[in-house]
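Each structure below appears as structure tokens.
One chain, chain A, links the two complexes that follow: it is found with chain B in the first and with chain C in the second.
Moving on, here comes the complex of A and B:
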């Protein structure tokens, strides 16, 4: 056990809540059942750390094993830090037949070819997610295990989620991913968030979607009033707005997205301020929506009539395009912008 | 634009109808349950709406409305705006004692007090009473229901004591203190 291994162990232990410590160490699988029994999890953390380190030394564990614990921790707590989504494009013919071992070998080979000191660990989970942990070093330094990059890829899908990737390492990861998954290029998907599962559900459409001609679920939901003497005057209207909200943002439990950012590069439009509206330059600004569950709040706003329908394409494209970062550009004839300009 | 009129339909025997208008639909359903369960002697119909005007399709089945209650949540500006807009869709006969305002969340914060004042002014200018209600507790809801029922029985002509709605209106209408009128 060297200093670095101790530091990683200490950091993981500090972040773990006491009641989860035991199960995480068991999932790690490097200590025997007897050793896990012997540890007292009610001890203060610094004391527990000392005991844990002595157990690790007993079993002759090395830095490599400790990084495995770090990975276990991240797999169990995927909501730490900001994840960025990427999309692989232009799949080659063999892309569908890439299996895990092939992917693993290729990825490691491609990355080690271009970076001298790099430590890679790859693990496939039961739900099909491939977790990749990369610790970077450069020509003269050993890999730094305290600042690893995590990447999550689902084989045979074009999506990759990356945590903690420095700009200088970007080209290496891009290249290794593109080559080992047999694609031609990789682009940012303009989706970032703290919750990996929410981003995955949003991109892979793993939530209950509602389509315009599908009305049955909503009919059931709009329960009749509890008493024969109570009548709802706007029942039909409420049903319509609810249907509209669900079409735009999904039904049931929606992915827990926290923010949506709109960058405005448009001219100021307003009648009451001449100094602003007469200008030739663009009126730049950023509109940021944030909420513990953004899609849920937007759906609620629309379905209760707080925001009037129909839902603007700017909001509904969060789910339709799976993005939460948009640049709204002025509509110039002849030029193509990524999102349509929107007038208010 | 069809206005809602109080006397366009024949009243049914021993029946009173109350219309609860609330934009956010938070309080109205709880209140409606409390009202129908509380009243045993008279057949009370409750109609729930989120705003006026009411949909034309329901006009055939809708009984004569004896009391319109506008519920204003003081925490929400929109709730007040909707009520202000809805007032234009009532025939003027309603304001002879068949409209009342109910405010909720009146205890919260300074912003609520400003809105409470504008609700009071609105009510005073329409000669209508304002009732403050607590909607977070069971007791509060049942108290609000009983107060509404008292007003409803009078405005529906079911109470032998206070015979005319006009009479009730002069007794219960909201008056804004005079110093507020000046500014």
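Moving on, here comes the complex of A and C:
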């Protein structure tokens, strides 16, 4: 147990709530059942840490084993830090037949080829997620286990989610991912957030979607309690807006996104009385929507009439395109933009 | 005999007058005339019209009805030439919680040292819950009250006072730690109102504090007891925030505001925050197209402010189709400062400090019960 191993152990223990400590240590699987029994989890954390370290030394555990605990912690708590989504494009023919062992061997080989000191740990979970932990060093330093990069990939899908990736390491990870999954390139998917599951559900459409032809079922399910005073017309209107909101943002429990950001590079479209209307330049700004559950808020906003229907493509693009960062540019000849321009 | 007759005539006349008056008033007793008839009774009813009569006779200005519809454009004034830069630095960069204060009775700027001692003793006594405390023995806390000379703009403004509370460590010779700060100020207060105050009152209507809530409560209660005044929370309504957005944007040519950030909160479930950050140059150009500097005294009219904000809101609506009017404008900020609906401000730069404080003084005076 060197200093670094102690530091990692201390950090994981500090972040863990007391009631979860025992189950996490069990999931780690490096200490015997008897050793886990012997620890007193009600002790103050500094004392528990000392006892835990002595147990680890008893079992001759090393840095390698402790990094495994760090990974277990991140798998159990995927809502720490900001995840970025990436999309692999142009799959080669073999892409669909890559299995876990193959992927693992190739990823490690490709990364170790270009970075001299790197420590990689890969684990496949039951739900098919492949978790990758990378600790980076360089030509002269050992891998820094206190600042690892985490990547999560679902085999046979084009999506990769990455946490804590420094700009200088980006090319290495990109290359290793592209080669080991048999794709040609990888791009940022313009989707970021704290909740890994929400981002996965949004991109893989794992939430209750509503399509226009589904109208009848939705109407039946969400039929308002009949009341003689409710005007028929009003009820129909309310249903229509609700239907519209659900088509745009999903029904039931929706992926828990927190933010959506729009960079506006459009012409001024304010009040009519000739303010700035003859101006050719763009009216620049950034609009940031945030909420504990953004899609739910937007759905409520539309269905209660706080927004005018139909839902603007700008907002419905969050679910349609699985993104939460957009650049909205004016269709001006000569103007360049990374994204297709929206006409508003 | 003559005298008797005189009396009689007088009596008759008087009686007839009364009768006539009765007839007249019964004839035109419409609801519109009700207040007129009522004014005849001089009974001091506390219920109707929290009367201006029994505080100062005659012409007490009813502040509630005098919300200005135009004001001077923000002018960069070199505060540092008038006020000690070190003292200005005390006000900049912190977040201040706002409150209004009614006029202080028998407050003297010459007695600040004494007040410091009393406030120190009061805080220690309150913290120790009833144990007797000797004034002058400063254990645990030390209060310093000082004047920030030069903040006042007009001759009717009282000078700003600044309060600092340091905590003293019980053991060791460690340095004092600043745990709380607050100030009371009046910048360009309503002249008519200030002049109508009885001589023993000093009006410092704006109270800003930064530090623990419990210390704020103690300072407030000491002021309330000592100067027979009252504190109340000061919220900034959307009109005030609109004013600030326009005034600050107008400063852009002379002092880069870096951004104009507006935040709305929509009453959705769960609540939705919409933060719009406008490019400063574009915001200014929009403002400039609405506000024309035609006259020598650069006045800004409320209509222009509304037009500016409507323009920005419409621009957003045309993109996102969300009715911002269903929500609340919560926050306005630029690099010159920020103001939050819940009565919290930050002063980013000393350049336009007096514009901000003039507006806030006005808000505080409007909230002050008359």
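Here, the second predicted complex is superposed on the first by the 307 of 344 C-alpha atoms of A that agree within 3 Å, B and C clash if a C-alpha of one lies under 4 Å from a C-alpha of the other, contacts with A are read in each partner's own complex, and residues count from 1 in each chain.
Everything below uses one rule, namely that contacts are C-beta pairs under 8 Å (C-beta built on N, C-alpha and C of every residue); 3 or more make two chains touch, one makes a residue touch a chain.
Computed from a predicted model, the values in this text were never measured in an experiment.
**Q** Contacts for A:314 in the overlay, against chain B (first) and chain C (second): which applies, first, second, both or neither?
**A** It touches chain C, and chain B stays clear.
**Q** Please determine whether it is chain B or chain C that touches the greater number of chain A residues.
**A** Per-residue touch count on chain A favours C.
**Q** Which partner chains sit in contact with A:42 here, chain B, chain C, both or neither? Use first/second/both/neither.
**A** In the superposed model, A:42 contacts neither chain B nor chain C.
**Q** So, A:304: does it touch chain B (first), chain C (second), both, or neither?
**A** It touches chain B and chain C both.
**Q** Using the touch definition from the top, say if A:34 reaches chain B (first), chain C (second), both or neither.
**A** In the superposition, A:34 contacts neither chain B nor chain C.
**Q** Figure out whether A:2 sits in contact with chain B (first) or chain C (second), or with both, or with neither.
**A** neither
**Q** Does the superposition put A:232 against chain B (first), chain C (second), both, or neither?
**A** First partner only.
**Q** Which partner does A:97 reach: the first (chain B), the second (chain C), both, or neither?
**A** In the superposition, A:97 contacts neither chain B nor chain C.
**Q** Which parts of chain A are in contact with chain B and also with chain C?
**A** 304, 306
**Q** Give every residue of chain A touching chain C within the complex, in rising order.
**A** So the residues of chain A in touch with chain C come to 262, 264, 266, 268-271, 275-276, 279, 281-294, 296-298, 300-301, 304, 306-309, 311-312, 314-315, 328, 344.
**Q** Under the definition above, what is the set of chain A residues touching chain B in their complex?
**A** For chain A paired with chain B, touching residues are 225-227, 229-234, 236-238, 304-306.
**Q** Over in the complex, which chain B residues touch chain A? Could you list them?
**A** 19, 23-25, 29, 32-33, 36-37, 43-51, 54-55, 57-58, 61-62, 78
**Q** Quick check on the complex: what are the chain C residues that touch chain A?
**A** 266-279, 282, 285-286, 289-290, 307, 310-312, 314-323, 326-327
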